[in-house]
Structures are given as C-alpha cells and as structure tokens.
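Chains here go by letter, A, B, C and D, matching the order in which they are written, and residues are numbered from 1 within each.
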Amino acid sequence: MIFKDAIGIIAQLTAPLRRFGASSLSRMLVLAVGLSAMTAYTVPTLPNAAAVWLGACLWCCLGYFAVDSALRARTAARAGHARDHFLSLSFLVDVVSVIAVPIAFLYGATAPNAWLFATFWILKLAQNSPGFAQLGRVFVLEAKPLASVLALFVMVLFLSSAAMFVIERAVQPRAFSSMPQALWWAVVTLTTTGYGDKVPITELGHLVGGVVMIFGIVSFGLSTGILATGFAAETRRRNFIQTWDLVSKVPFFQSLEPSSITEITHMLRRLEVPERVAIIRRGKVGDCMYFIAAGEVQVDIKPTPVRLGAGAFFGELALLGDSVRSANVTTTLPSTLLILDLADFRTLTANHPDLKRAIDAEAQRRVTENQQMRERQRLGDAASA
Amino acid sequence: MIFKDAIGIIAQLTAPLRRFGASSLSRMLVLAVGLSAMTAYTVPTLPNAAAVWLGACLWCCLGYFAVDSALRARTAARAGHARDHFLSLSFLVDVVSVIAVPIAFLYGATAPNAWLFATFWILKLAQNSPGFAQLGRVFVLEAKPLASVLALFVMVLFLSSAAMFVIERAVQPRAFSSMPQALWWAVVTLTTTGYGDKVPITELGHLVGGVVMIFGIVSFGLSTGILATGFAAETRRRNFIQTWDLVSKVPFFQSLEPSSITEITHMLRRLEVPERVAIIRRGKVGDCMYFIAAGEVQVDIKPTPVRLGAGAFFGELALLGDSVRSANVTTTLPSTLLILDLADFRTLTANHPDLKRAIDAEAQRRVTENQQMRERQRLGDAASA
Amino acid sequence: MIFKDAIGIIAQLTAPLRRFGASSLSRMLVLAVGLSAMTAYTVPTLPNAAAVWLGACLWCCLGYFAVDSALRARTAARAGHARDHFLSLSFLVDVVSVIAVPIAFLYGATAPNAWLFATFWILKLAQNSPGFAQLGRVFVLEAKPLASVLALFVMVLFLSSAAMFVIERAVQPRAFSSMPQALWWAVVTLTTTGYGDKVPITELGHLVGGVVMIFGIVSFGLSTGILATGFAAETRRRNFIQTWDLVSKVPFFQSLEPSSITEITHMLRRLEVPERVAIIRRGKVGDCMYFIAAGEVQVDIKPTPVRLGAGAFFGELALLGDSVRSANVTTTLPSTLLILDLADFRTLTANHPDLKRAIDAEAQRRVTENQQMRERQRLGDAASA
Amino acid sequence: MIFKDAIGIIAQLTAPLRRFGASSLSRMLVLAVGLSAMTAYTVPTLPNAAAVWLGACLWCCLGYFAVDSALRARTAARAGHARDHFLSLSFLVDVVSVIAVPIAFLYGATAPNAWLFATFWILKLAQNSPGFAQLGRVFVLEAKPLASVLALFVMVLFLSSAAMFVIERAVQPRAFSSMPQALWWAVVTLTTTGYGDKVPITELGHLVGGVVMIFGIVSFGLSTGILATGFAAETRRRNFIQTWDLVSKVPFFQSLEPSSITEITHMLRRLEVPERVAIIRRGKVGDCMYFIAAGEVQVDIKPTPVRLGAGAFFGELALLGDSVRSANVTTTLPSTLLILDLADFRTLTANHPDLKRAIDAEAQRRVTENQQMRERQRLGDAASA
C-alpha cells in the first residue's frame, strides 16, 4: 500500500517531467548514458573520482528504470491488462534490468563486476519494437530453407575441420592440437572472419582452406537470398495490412469497386506524423500526393490558411500540372497520412478515369475558391482603402 | 538368416522405444551427442576416466546408428524398395557411418584417430532433407551465371596472385616465395577472409590488394544476386506445386474457374501440424484464415465444441469483422492446413464477390447455429431447473 | 567590387578553357590529382624536391577549386538563386574545401598537417550527384527495418562483449582488460572483419565467438535483404518518373489510352547521349529500338543520310525482321533517347496491334523511300553517264 | 604459304583427334594442366627432374594453344570473318597466350620467370563465354547506382583514413606513418577483409574503426542489392529473347494470339541438350513437360520406340494425371527443348482452355495408339504362335 502511494506521489510530482520522461526517446537516452557509464566503469585505470561519478550516474539510471517500470506496470494494471503484462517478456526485461545489479551487490560482487549486469539493460531496445516482430516473421516464414543452409554450414564445418585436423596437426601440433581447435579454425574461416590465429601452412591445407572460404561466400549468398526473398514478401504483406483499414476510412475511395480498393491499397504508403511537422514546403519539387486518414493539416494559403481534416487530400496540384509545391502544409494534430507516389498516381488515374476527374474537380474547386478569396480580399482592401 | 532373426528380435524387444528411437528428432540427438563426444575425444589433455566414458558413449552412438540403419533397410525391403534403397546415397551414408570406425580400428589406428571417422556421421544431416533438394535446384537453375562468376573469380585469382608474386617476392622472399603461396594470399583476400599471414607491404602491392578486395565485394554481390534471384523463382514454383493438389481437394474452391484456382494457389501457404496443437488462441489478433486440406480440428465453442474435417474452413470471422479471435481452435488429428493471409483474403474476395458471399453465408450460418444452440441449452437448463 | 571584377576578368580570360575546365570531368581530374598529391605529401621519407613540387601542385588544385567555387556562386547569383545557393550543403563543401587548408596554415600547422585538411575535397564527389539522392531515399524508405537490424546488432554487440569479457579476462588480462576492449573485439567479429588482435582462447570463448560470427552473417543477410528490397522499389519508381514526361512528348504514343501509356512508361529506359556518339553500328545484332525524346540523330543511309528529330523512332527494322542493324545511327545533337527492349517490344506489340501496325507502316514507308531514292540516283547516274 | 600448308597438313593429320581436341572441354583441360604446371614451376624447392618434366608439359600446352589459335583463325578466315576475327579481343588473347612466354625467353628471362607469363592463359576462360556478356550488361544497366556506391566508398575511405592517421600516428608511428599506410588500413577494413597488420589501439581509433566496419556492411548490402536488382531484370530479359524465336517455331503455339504467345514465352525455359542424353527416366516423378524446338528425341514405348521431331511435345502425361513418368525419353540428335514447369502448366491451361484441350487430345491419341499397337502385336504374336 505504501509502495502504491509512493508511486502515486512520485507520479504527481513528476507530472511535468513525465511527458518527456516516459517517452521512448528519453528512455533511449538514459539507456545510452547508462551503458556508456557501465562500459567506462570496467576500465581498470579509471581514476577514483571518475569512478564515484560514474557510480552515481549508474544508480540514477537504475532509479529511472525502476520508476519507469513501476509506472508502466501501474498503467497496465489500470487498463486491466495486469495479468498479461506480468506474464509478458517485456515485464521480465523490466524486472531483470532493475534487480540484477542489486542482487549482484547483495552477493558481495565488487562494484565493476556488479554493474556488468547492467548489460541486460540493452534488452530494453527490444521492448515495444514492431520491427522485431517483422524480422521474426521473416525467420518463421523462411525457417525451412534457413535450416537447410545451417545444416549445410554445419556439415562443411565438421568435414573441413576433421580434414584440417588430420592435415595440419603434424606440422602445427600447437595450433591444430584437437578437433575443438580445428572447429574454431573452421568457423572463423567459413564466416570469412579470418582472425589469422590458426592458419593452414601445408599445400593441402591451403587447398582445403580455399574451398572452405569459397563455400563461405556461397553460404553468405544463400542465406542473404533467402532472407531477401522472405523480407520482400513480408514487407508487401505488412504494408497491405497497415494500409487497408485506413483506405476504407477515406471517403474518396469509397465509391470505388472492391478490386480497385485492393489495387490502391498496394500503392499507398502509411506515414505517421506528430503535430507541427512540415509535410510540404513551398517551392520544393513534389512527387507524391497525400490522403489524410486521421488528424488534421493546415495549408498556408494567402490570405487565410485552410485546415483539412480526415478524409481530405492535398499535394495533388504538383502532380496534375507544374511539379513545384505552391504552399506550405503543416500538421496541426498528430496525423496518419497515406502517400501516393507520382508513378502510382499516373497508373491509378490512367486505370480509373473517374478518380482522375474527381481529383481534377476538387483541385479546380480549390484553385477557384482560392482566387475568389483573394479577389474578395483585394476588393475589401480597396473598399477599406 | 541369423542376422535377420536377430534384427527381428531386437525390433520386437525395442517396440516401445522405437516410436521415439526411430524418429528424426532422436536421430538428431544421438548425432549431436556422438559428434560432441568425438570432438572431445581428440583433446590430448583428456583425463583417462573421461576418455573411457567418451569411448563408451561413442560405441553406444555407433550401435544406435547400426540398428537404425538396419531397421530402415528392413522397412525398405518389406515395402519392396530394397534395390532402390541399396543403390541410394542415403544407404551409402548409413553404411559408411557404421563401418568406417570399426575398419579404422581393424587397421590398427589408435582410438582417437579411429573415432575421427565418426565425422562422417554428420552426413546424416543430409538424409531425407527436402530442403537440400530445393537448394540444389537453385544451383542447377542458375548454373550458367554462377559458372561465369566462378570463372571471373578464378581469373582475378590467377592474375592478381601472379602480379603480387612479382611485386612482393623481392621484399618478402619468405611470404611470397612461390605462386602457390601467392595464390593462397589471393584466395584469402578475394573472399575477404583476410588471415593476415601474408600481407603486401609495398605501395604497388597495396594498390593491387585494394583492387582485389573491392573485386571480392563485387563477386560476393554478384553471387548473392544470382542466388537470390534463383531462390525467389524456386520458392514461388515450389509453393505452387505443394499447394495445387491440396487446393483441388477443398470443395469450397471447386466451384471456381480454373484461372481463379491458379490465382488462389499462388496465395495459399501450406502448413503441416501434428495433433493436439493450438492453431488459434482466443483473444489474439487474427490476420489469416485456414482451410483444412486434411485432418481435423476442434473449435471450442460453448456449450458444445464443434469438429471440422477436411474441406472446411475456420478463422474467417476475424477477417470479416472484428480482428480478435473468438474461440480456441486445436487440431485433433495430424492436419494439413492452407493459410490465406488477410492481404490476400481482401484481394481474393474483391475479385471474386461470389466467394465472399459464400464465406459470409457460412460465417452467418455458424453464428446463428451457435446462438440457437445456446438458446436451446438455456431453455433446456430452464426446463430441467 | 574588386573581387567581383577580378572574377569577371578571370572568367573572360579563361573563356576558351572554361568549357573544359568547368565540366565535372575536369573537376574530377583535379580532385584525383589533388588527393593523390596530398596523400603522397604525408610520406615522411619524401625527398625535398618532390615535396616542393607536390606543394605547388596542391596550391594549384586549391586555386582551381577557389575559382571554380566562385564561378559557380556567380552563376547561381545571376540566375537569381543566390540565397538558395549560399544556404546549400554544396556551397558549404565549396567553402570548406577552399578555406580549411589556408586557415590551418594561419594557425601555424606544418605543411603536411595543413594539407591533411585537403581531405575535405573528397566531399566534392557528393556535389550534384543524383545517385546519392536515390541511395538516400532507399534508407528513408527502409528506415524502420534497418533500425531494427541495427538494434539487434547493438544488442548482440553488448551481450556478447560482456560475456566475452567475463569469460576471457582471467586468461587474457591484457587483451580483454575492460568492456571497451571487449566491445572492440565484438564489433570486429560481428562485422566479420576479424583483425585477430584479440582472439578468444578458452573453449567457452570459442563457442560464444562462433555464435557471434554466425549472427554476423545473419545481420549481413538481413541488411542486404532490406536494402535490396528497398532498392528494387526505388529503381522502379525513379525510372517511371524520369520516363513519364518524355513519353508524353513522343507524338507516336499520344494516340494510346492513358492506361497503355502507363504500361509503356514502365517498359522504356531513358538514355542521355552527348552529340557525335554512335548509337547503332551497322552489322551488329540489335535487340532494342529507340524513340527520340529530345535532340537529333543521323541515319547513314546511302545515298543521302537522313536526320530524325524529337518524336521520331529508329532501330525498329532489326526487331521486325532480320536482327542485324542495316545502317549506322549517330547523334548530331545532345539527345535523350527512350530505349525499348526486344522483350518489351514483343509484349507491347502483342497487346497493342495498332501500335505494331503503325510501326510496320512507318518501317515500310522508310524502306520504300530508301529504294526509290536509290532508284532515282541510279537513273540520275545513268542519265549523266 | 609454307605456314598455311603446314597448318593444312597438321589439320589433316590430326583429323581424328580434332573433334575432341578442338572442343572447349579439352581446351579447359589443357588450361588447367598448364596453369597447374606453371604454378608448380615457381616453387623454389622443386627437384631438377620435376622441373624438366614440368617444362616439357608447359611447352606442350603452349604448342596446343598455338595450333588451336591458328586453327581458329583459319576457320574464321574461311568463313569470311578474317577481319572481324583479327580485330577481336578473343584473337588478342590467343596471340598474347602464345607469344608472351617465347618473347620473355628471348629477352633472357629465366625459365620460372618466363613461364610466369603463362598466367595470361587464364584469359582464355573469358573467350566465347556468353555469361560474361550477361554480367557485363548488369554492370552497364546499374552503372549509375554502382558509381554512387563507389563514390560513397571512396569518400568514407579518405575521410576515415585521414581521421585514423591523425588519431593513431602519435601512438603507432610505424603502422600509421603516412596517409598511404592509413588508406591501406581503411580499404582492408571497409571491405571487412581485416588482415590485422594495422589495427587502431586508441579508444577514438576503435570508435572510428567500428563505424567504418559497419559502413563496410552497408556498402556490401547496397552493392549486392543493386546487383541483385539488375541481375533479376537482365535474367528475365535474356530468357525472353532466347525463348521468343523458338516459341514461334513450335506449330502448337501458332494458333494462339500474340498476347498469349508473349505470356507463354515468359514461362518457358530453354535447354540445350547434346545427343544421346536421357531427358526423362521412367518411374521418376515428373514436374514439367517439354516442347521440341529443334532436334529429335526417342520415346522408349513398347513394342516400338517412337521418334518425335521439332514441334512435338512430350512429358505431358505426368502433368495431366499420375505424376510418375511412364517411359524413358532420350535425345537422338543435339536438341533444343523448351521446358514448361508444372506451376506454369497449370496457369497456362487454366487461362487457355483450348490449349488444354489440344494437349489432352494429343495425349489421348498417343495412349490409344500405344494400346492399339500393343494389341496388334499381341494378335501378331498369337497368329505367329
């Protein structure tokens, strides 16, 4: 109970700080500082004064992570996800990050050794990262061919190290004294790392070594080819899923047939933008148009800026006529935009003339409205003059 | 005859063990244990006691492989494939694995040397592995461009090593004493392994070495590009062949035209699942639906779980409306499922409205049935109360 | 004012030289000479006479860059882009290239040290290079997955170096004396560079090292796969944009529907050719035809060469019948050509029979005209004989 | 004249040998022997007897190449290509291969030094190799992005080596004594070769080195991505061109519309087969069918084998029903086959029902004919019995 109250008080006191403090940016910053301090702390020639400061810095980072983890647990508990959160990998990382170092101190480790456990903080990089899920899916999709390449790798590893052991042990009894030593040579060579701590010196050893190196290139090539194929498929799939729901929310596309919507979904790219970010700068060359799936942007047209909300589009003028942007556009709210590239715009309007007509009409309406507004202002200015 | 009987008796005695013992999992386990023991056995500083235990362990592994090979041969013989089996590469691997070590002992090799022949056990990784066939096809398909890259590689190898031999032999008469030595330098450099046992020290040698390294990157890039292109083509082809026959067995697709079936075949992914595996967990976000090509699954709906057999589909509700799974689904038999991703589901139903109608109708029917069942149960409960 | 006049005078005096001098070719040449001289200047064993010559050469290069930068600034100012130019990165590179070395001399640096700042000249490679923008776009497009791979890389880096520090520091207290040393080992190993200055020697260290190396291959593969996917998408997009405007200027394509123009745009490749360059050589095998988007070419037909201007096409005869080129074609002006490959030509004319008819008709007209001209000449020759 | 006669006489005398001797296989064999002998000849510890034998062997190889080159020149002259041949790169390689070593002897080089010039023989690998042209086209197509990556590489090379020179020269005055030394370090590191002859030892040097290595991976990735993209495009284009002419020669496809022919061309793969090669083996699983573009095959059906010539197809039975091949098929002449994979066969017949009907009808006709023939033979056997 006291613990819960304490967190509550801290939460209130740090309210102004929290917006920054709880952001992932500041978490990354603390992570960078903490890991640098931990790294520096292991240097044996460190002067005492520096060690004191680094220790203080490390305790601050640990404190930050403790509070941060507690706050996140509270947030999850309030949202009713307490059980899910406590069973998640993310919570395990939080716990290990906070308790590993104190436990090491409790067991009597010296300070530099205890702080070595701060290395676990690096695992926070993997928390809440959608990119890891995507990479993971690529490995799952391509598990079978990757396993085959690994099997091939292991076969070459064993056969070549046995061969090298037999060939070289007579002339280099120290370097190739046993199979584990020969396996070390083989893995260093097959991955083309090549430390040079063990090098064949007989002619036959050179021959076997050369073949192993060339196979190293091939295994590089195979695994890269597999990962590239899987990644391309996964990217295409993920873009579609991310975009699909947004597309159906843009009224402009609702008049289209389902098959056309599918086609468009493959062309659009999603972009998340915070507020007060310039999307388009006047005078730059434009090669895409934007649809607003959520949020709001402001178009800085003279005399009165115009605000466009969800469902609207902008930037189409640069694609229809001259390619130079005619006005600045800035987000006023955190927004989700859908980007349509020039190349896809051409393809789309070529296949769907009605879409082109609609965009043209809207663009025409805007230009006219803009001119009328200026005209009216000019008249107003003249009248008031 | 005695030999055949002995196998028969062993087969009967080990019947309960066999289901596990003959599985590829246990074979891999024995392989790992055997190769580790063999590797440890070559360490010269090994205490005598450990050597005895490792030797025993190795004999056990050899015995396992002998029995396993014999059983497989008997199975093949019973199925009438005796001739094919005895001529196959797989049988050769079996024989070599079993007899190589005893023969080495017969010829008077010391124990560590004799057990070195256990390295051949690693070849068992290649037995019955469909992945190797796939990789092999990629090499066959891309044989010509790969041969060109290899020819380019060999040309650069010879020209650069001759140049380096001429350039460096005056200042490093030991390291670059002959063309074989220079060739070794060239292959170590071209593959970007870079042991550092032979390094050019003249300015001209540095220049030639730099060019060779950059060419090494290019040859990496070329071979990877070729393998990636070939692998993508082969993956697409293999998926199609694996899926085609299954698709034609799902009644749901039989009403479609041949060209649509081809299209669907390119979209579906095959998944082999053992029995009692959870396919869908309630509450998770769903991004695909499943067609049952073979086997059976159980959908845990209250009050009575429903079983779906070959030809049925499930998981479509998460794609039609809310994306959260509403029930657990578990296999009751080893099953072959066809997975349709959300992205492809959208494309498919957009192009084939009748397919969408059929899925909608079936989904609607299930929801209604489910409600009626609950209603009836509620009434039943009320009546019995 | 005096400065401006001086530039003006220099500009007039060097007028004949400028056409060559201001070209990017000569800039690259001066760059190569300057950087080579700077590199040679740092060699400690350099004889005095050579140092004097190299110094003179370096001052000349600096002078060239100064004049070149001034001229470019003047050109920009005249075109009214003064403000844009002075705020551009390109101008910053110009300024740094010119003033870095003199400032170093002012602050009392020795000659070899001062000239080290000439290394900044290499940044001129990035000026006005459209290729860099393309590579930059690939990184922007694929920022998220690349960041994930980098995060994975950093995680493995820290975890493996902490592990290696703990494992190896007891037996190699010098090599693995601190975490920074272990991190250096990890980055050298993860990138498969493998200097060999720090090498694990314990069995456990070998195991961790092997895993790190294999993960190095995987991180190579992932980043390559991501970059390859992004590059393929970006290439397709850029080609389309570059070609689209040109296609709409070729009258031949204007009769086509918008959707067909989109299709053709994807097939065409742009080629910029200076004047007096041979596009087609008689007797070579032809596998593409050309459309002239801008410029002019001369077809060397007997007796009178024919000139073709923007909008015309040539090289189609080799695709229609015999594949051998029947005449030389050379540009007479700097030209922009659109190349249509044989494969795409077949696809295009198969899908658009009217296009094929138009090309056939034009080709037929040319052949006939050609024959008539020869006939007339023959008659003229006969009459004059 | 005498020279010409001499070649004529040699040509006649060696007539039986020539068919083998002039084949590219035997040329490759002589090349391998010659280069091995040359390599061995440079070993300083070679016994005298071996040197004599190797010298003899090398003279034989040189003689072979001289005769081979002269024969090729004569062939070209007879075919009227004399001028083209004498100006070709291939002829230059022939001449250099033959005269380099004798000239070196003339100028008084020792035997091992003179034979070093035999390294030029390796250039024969590039003669008449269509694969090199394909790789070359990839480089031409992707010249711009590759140049950008190279520019980036050179920029990082210079900037990092200047930085490393400044950082490390104080503590390692020998290893980083000048910019050329630092550049050597940079190229060894950027290509991830990592000899380890020059290694940064300061903290700052480690940091710069780490960044350079990571950039090395990126430059690997970029160049591989570019080459992979270019290679995929080039492969697709080349396959189409090679296949197109053959497709139009198969009567079976002539009834199709041009757009369908284009589609089929993209599906077919070309295969050149010498005579007496087994294409299909009875009992194997079949996943493709074959069209004969040129040549002849024999289908071993009982009782009378059937011969199929250009325009016919075979192997379709395995795709229509059971997937096991029912007869051996062997080429009787050097043949050009077009392979249609199962996946593409399905797609094709789905989109072109008439094609499927035609194949079905032909397959049915063959089965019937086959049965009738057997029936007749059975009756004949019965009558003669």
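Definition applied: contacts are C-beta pairs under 8 Å (C-beta built on N, C-alpha and C of every residue); 3 or more make two chains touch, one makes a residue touch a chain.
Since the structure is predicted, the reported quantities are computational estimates derived from the model, not experimental observations.
Student: Give me the chains shared as neighbours by chain A and chain D.
Tutor: The shared contacts of chain A and chain D, listed by label, come to B, C.
Student: Give a one-word verdict, same or different, on whether chain A and chain C use largely identical residue numbers at their interface, taking over half shared as same.
Tutor: different
Student: Using each chain's Cα centroid, which is most distant from the centroid of chain B?
Tutor: Max centre-to-centre separation from chain B belongs to C.
Student: Half is the threshold here, strictly exceeded: which of B-C, A-D or C-D has more than half of its contact pairs identical to B-D by residue number?
Tutor: The B-D interface is reproduced by C-D.
Student: What's the rotation angle, in degrees and to the nearest 5, for a C-alpha fit of chain C onto chain D?
Tutor: A turn of 90 degrees brings the C-alpha atoms of chain C onto chain D.
Student: Where the CA atoms of chain A average out and where those of chain B average out, how many Å apart are those spots?
Tutor: 29
Student: Could you put a whole-Å number on the gap between the CA centroids of chain B and chain C?
Tutor: Taking the average C-alpha coordinate of chain B and of chain C, the gap between them is 41 Å.
Student: Hey, what residues on chain B touch two or more of the other chains?
Tutor: 180, 183, 192-196, 220, 224, 226, 228-229, 232 - these are the residues of chain B that touch more than one other chain.
Student: Inside the complex, what are the residues of chain C that reach chain B?
Tutor: 192-196, 224, 228
Student: Any idea which chain B residues touch chain D in the complex?
Tutor: Going through chain B, the ones touching chain D are 144-145, 147-149, 151-152, 154-155, 158-159, 162, 165-166, 177-180, 183, 189, 192-196, 199, 203, 206, 209-210, 213-214, 216-218, 220-222, 224-226, 228-229, 232, 236-237, 240-241, 244, 257-259, 261-262, 265.
Student: Okay, in this complex, where on chain D does chain B touch?
Tutor: Against chain B, the touching part of chain D is residues 35, 38-44, 116, 119, 122-123, 125-126, 129-132, 134-135, 138, 153, 180, 183-184, 187-188, 191-197, 219-220, 223-224, 226-232, 235, 287, 341-343, 346-347, 349-351, 353.
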